[in-house]
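One chain, subunit A, links the two complexes that follow: it is found with subunit B in the first and with subunit C in the second.
Our next item is the complex of A and B:
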């Protein structure tokens, strides 16, 4: 594979094809810029709009994807951005090889992932992420006739309950770690977001048969013959549920590795993580912007409006960007409401026992990790975080459990092939 | 369209990723971990690497990020 032949360059490059990235790319392209949009999944749409390209459900998604196309954005899917110099070059990779992508302005719209907190049994194949299962169900994962227990925290639990039900599965429980009081207060706050309120009421009505337990969280899961069993607790009592699959996730964590690698500043307090941005979504690095869940988890509406602001700002259209600040504030307040309502309870720090695996890549247990003081120490002594996921799964857990600072991100931002490493070795401007 | 998972033919459609084909072949897991535990997809979006399989001879591919194509040969750990 000749690298030179594949190198490409744009005025504006957007990494991530979810609502934030699609809106950003569209705004920049409609402003006359040559725009490249890159996403590592096989289809555009990011998490919420996954599958919309083949089987459209959402009118909003359809409109945005059409507008993106009309704006003449060059789309690269199945391509991971694994590194860059923060000053004009990214390194991209697909199954055939690696190449460089040049930009004048860069917009990071890398989205978020499930936050996993280890509990006994969580590495068994019948346990999947809440977002993970949701995404796979949208792609045709077989849940028809299956009993699914959904445990963890946040509104994504409800999105999954709907996804599973629509695909013919049965949700045996939806256990939310936040208290009733907290969830009720969140519900009351929705009065300021009428569209969300209507959505929530509709969802609750459609899923009236689903037991919704607030103030309950997972204690342990195991297999028993053909069944999986998950035990949930409210801190005093325990209940066992028989199921086929357990979906769990404690809210979302933004994907910050690429931003960190490029040198953008980030916030790291659990629940409030994100790339630091200024008023116009620009990071501390000149010409590098961030938008959507990457700047802090706050839902798809905020992602869309932040994407538009970033796209206009990157194209130099300050007035168009500024006109959206009011709308953006509104959805950011919604995000803050979410973070507050679904804040993680301290009991979740005590789920794992000494034999519970924390780092799934290297199979490092809680017992081996808890004696270290920093992520760096633990990594050197146990290989925790050294496997292919590079600490993306265990890092957020260790941060929550022991307040470990994320270790310095080494290039590449995802596991890459040797030739990509060589590409990075040539530096940003090597020929 | 059809793909094969460890030799077994599975009917899949456009829009399905390889991890879904593995599940439709009746398997919840795709690889064995360092201590030989069976592991299957967790994050669904390319983050955790638990869905790794061999696709058309290419090892360590994330099954959740690759779209199924007619005749694909997928190999999961035994």
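Our next item is the complex of A and C:
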């Protein structure tokens, strides 16, 4: 196999092909810029529109993906961005080799990932992340007739329940750790977001048969023959449910590795992490913008409008960008509502016992971790976070459990072949 | 003067921790003060190769002595230290380098270190992932690998069990003339002897010290058990390690007990900050690939840097500051401090109690350099030689 390096250059490069990235790329391309859109997954669409390019389910996704194509954006999927110099060059790789991608302006729309919190049994084979199961269901994995327990927090639990139900699965429980009161207040707040309200009512109708328990969270799961048994608790009583699969997730954490690696400033307050951006979505690095969940988790609507602002701003279309500020701020307030409604309760810090794995890559247990004082110390002494995921999973858990500051980000932004890292240093015009 | 402690060790890297343990073991009343994490400095960045080196007679003496001490300790080391006697292969690319292998073999043998000269064919069997056509190698079977932060933590615990006090997260602001330290909070703690084991930044506490930072890069791969079986180093390594003022790279890879490959290494003077520098990283990786083409396709999970404490003659500073009997040094270990920590501690401990070290101490005595400790101001930083 001949392995070659490929160089490309665009006026605007967008990393991440979710709603934020699609909107940003479209806005910039419609403004006359040559735009490249890069995503590491095999499909465009990010988490929510995954697979919609082939089989569109949502009208919105169909519209945006069509508009993206019409605008003449060059799309590169299956390409992950590994690093860059923050001043005009990215280094990326795909199956075939390394890429170097030049840009005048860069938009980071790297999205978010599930937050996992450790509880006894969470690493067992019948237990998986909400996002993971959602991706499986979207790609046609059979859940028909399967009994699924969905536990954790946030609106993604509903989305998954909807997906499972639509595919013929049975949701035996949807346990939301936030209290009834909190969720009800959030529902009432939707009055100010008619589109969301309609969506919520529709969802509610489709999930009519699903037991939705607020103020309940997972305590433990175990296997019993072919069954999984999940125990949920409200702090006083416990209930056991038999099922085939347990899906869990405790909200989202933004993917900040690339932004931090390039040197963009980030906010690190727990629960409100994100890339720091100015009014026009520009980061502290001139010519580098960020949009969507990467700037703080607040949902797909905010991601879309932030993406548009970033796309226009990167293309130098100030007026178009500014015209969207009002709409964007509205959806940011929606994000704040989400964060407040689904804030994680303190009891979740006490689920793990000493034998519960926290770092899956390196098999590090809660008992071995709890005596250390900082993430770095724990990492050096136990290998927690040293594996291939570099703390992308356990880092957010440790942060929640012990308020540990994340350890410094080092290259590569995602696991990369050694040959790709050789390209980091070649700089300039392919020299 | 009556000290609250006999010895205060400033810095809880592998060198400071070994010294604190050694002194406590000898019945001295010891305090070790570490500003950050025990084993979190250069020690957390180093490769952890326990290696006998022959750059100079004195370097050979200290590394061989230290490797012997590591062997004696091996049975006690907990699993977290990941001690593995994988041996070193000094790889000769061509016939000229093979001549160097022969010379090196004689040198080691004459001094009682077991070695084996390996021909090209045999090398291909031993390490099939090396580029084909290498001339051969020198095998040093007694060399080993450890995980330095865990070893350091273990030593600091041994020190504690032997009666030493260990303060973590406490910074020493100043070493006072009379054998005392001033902490960042202003408090003063006294001792008969203060040992500056602050690694590459030791010069901040002992201004004028002939120590400069020498930055190195390393990359670690995902798990590929068996990809390499020995620590593999190009024979030209010494050129890079000793060599010129300029930046240099050398092929130096290490199989970890986890199945991961640690890929090095680079050397740079005056490279500010701990940032990964893509240019020299690229050079280092290309060098590694030139020797082991298959490395190209291995996944790298992380790249980082560390700061070596380099002296003009590449030998450490072990002993009292000239003219200051109450301030001692244990620093300047360049790229060998993991290995030589144990030998350093023995030398220092023996000299402190007026004993007779097992190897001559003179080559490492700070008095070998004509340098005058700069009185007064601290923070003058790393010396300017």
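Points worth noting:
In this text, the second predicted complex is superposed on the first by the 420 of 431 C-alpha atoms of A that agree within 3 Å, B and C clash if a C-alpha of one lies under 4 Å from a C-alpha of the other, contacts with A are read in each partner's own complex, and residues count from 1 in each chain.
Throughout what follows, a contact is a pair of C-beta atoms (placed from the backbone, for glycine too) under 8 Å apart; a residue touches a chain by one contact, two chains touch by 3 or more.
As the structure is a prediction and not an experimental result, all values here were calculated from the model.
By the touch criterion stated above, A:9 is placed in contact with neither subunit B nor subunit C. With both structures placed on the common chain, the touch criterion links A:388 to subunit B and to subunit C.
Contacts of A:207 after superposition on the shared chain: neither subunit B nor subunit C is touched. When the two complexes are overlaid on their common chain A, residue A:159 makes contact with neither subunit B nor subunit C.
Using the contact criterion defined above for the overlaid structures, shared-chain residue A:374 touches subunit C, although it does not reach subunit B. The larger set of touched subunit A residues comes from B, when the choice is between subunit B and subunit C. With both structures placed on the common chain, the touch criterion links A:78 to subunit B but leaves subunit C unconnected. Shared contact residues on subunit A (touching subunit B in one structure, subunit C in the other): 387-388, 415.
Within the complex formed with subunit A, the subunit C residues making contact are 37, 39-40, 44, 80, 149-150, 153, 169, 219, 221-222, 263, 276-283, 285-286, 288-289, 295-304. Interface of subunit B with subunit A (complex): residues 12-17, 19-20, 23-24, 28-29, 33-35, 37-50, 52, 58, 60-61, 64-67.
For subunit A in complex with subunit B, the touching residues are 40-43, 47, 51, 54-55, 78, 80, 95, 113-114, 116, 123-129, 131-136, 139-142, 255, 357, 360-363, 387-389, 392-393, 414-415.
Chain contact summary for the complex, subunit A toward subunit C: residues 3, 83, 85, 373-374, 376-377, 380-381, 386-388, 390, 410-412, 415-419, 421-427.
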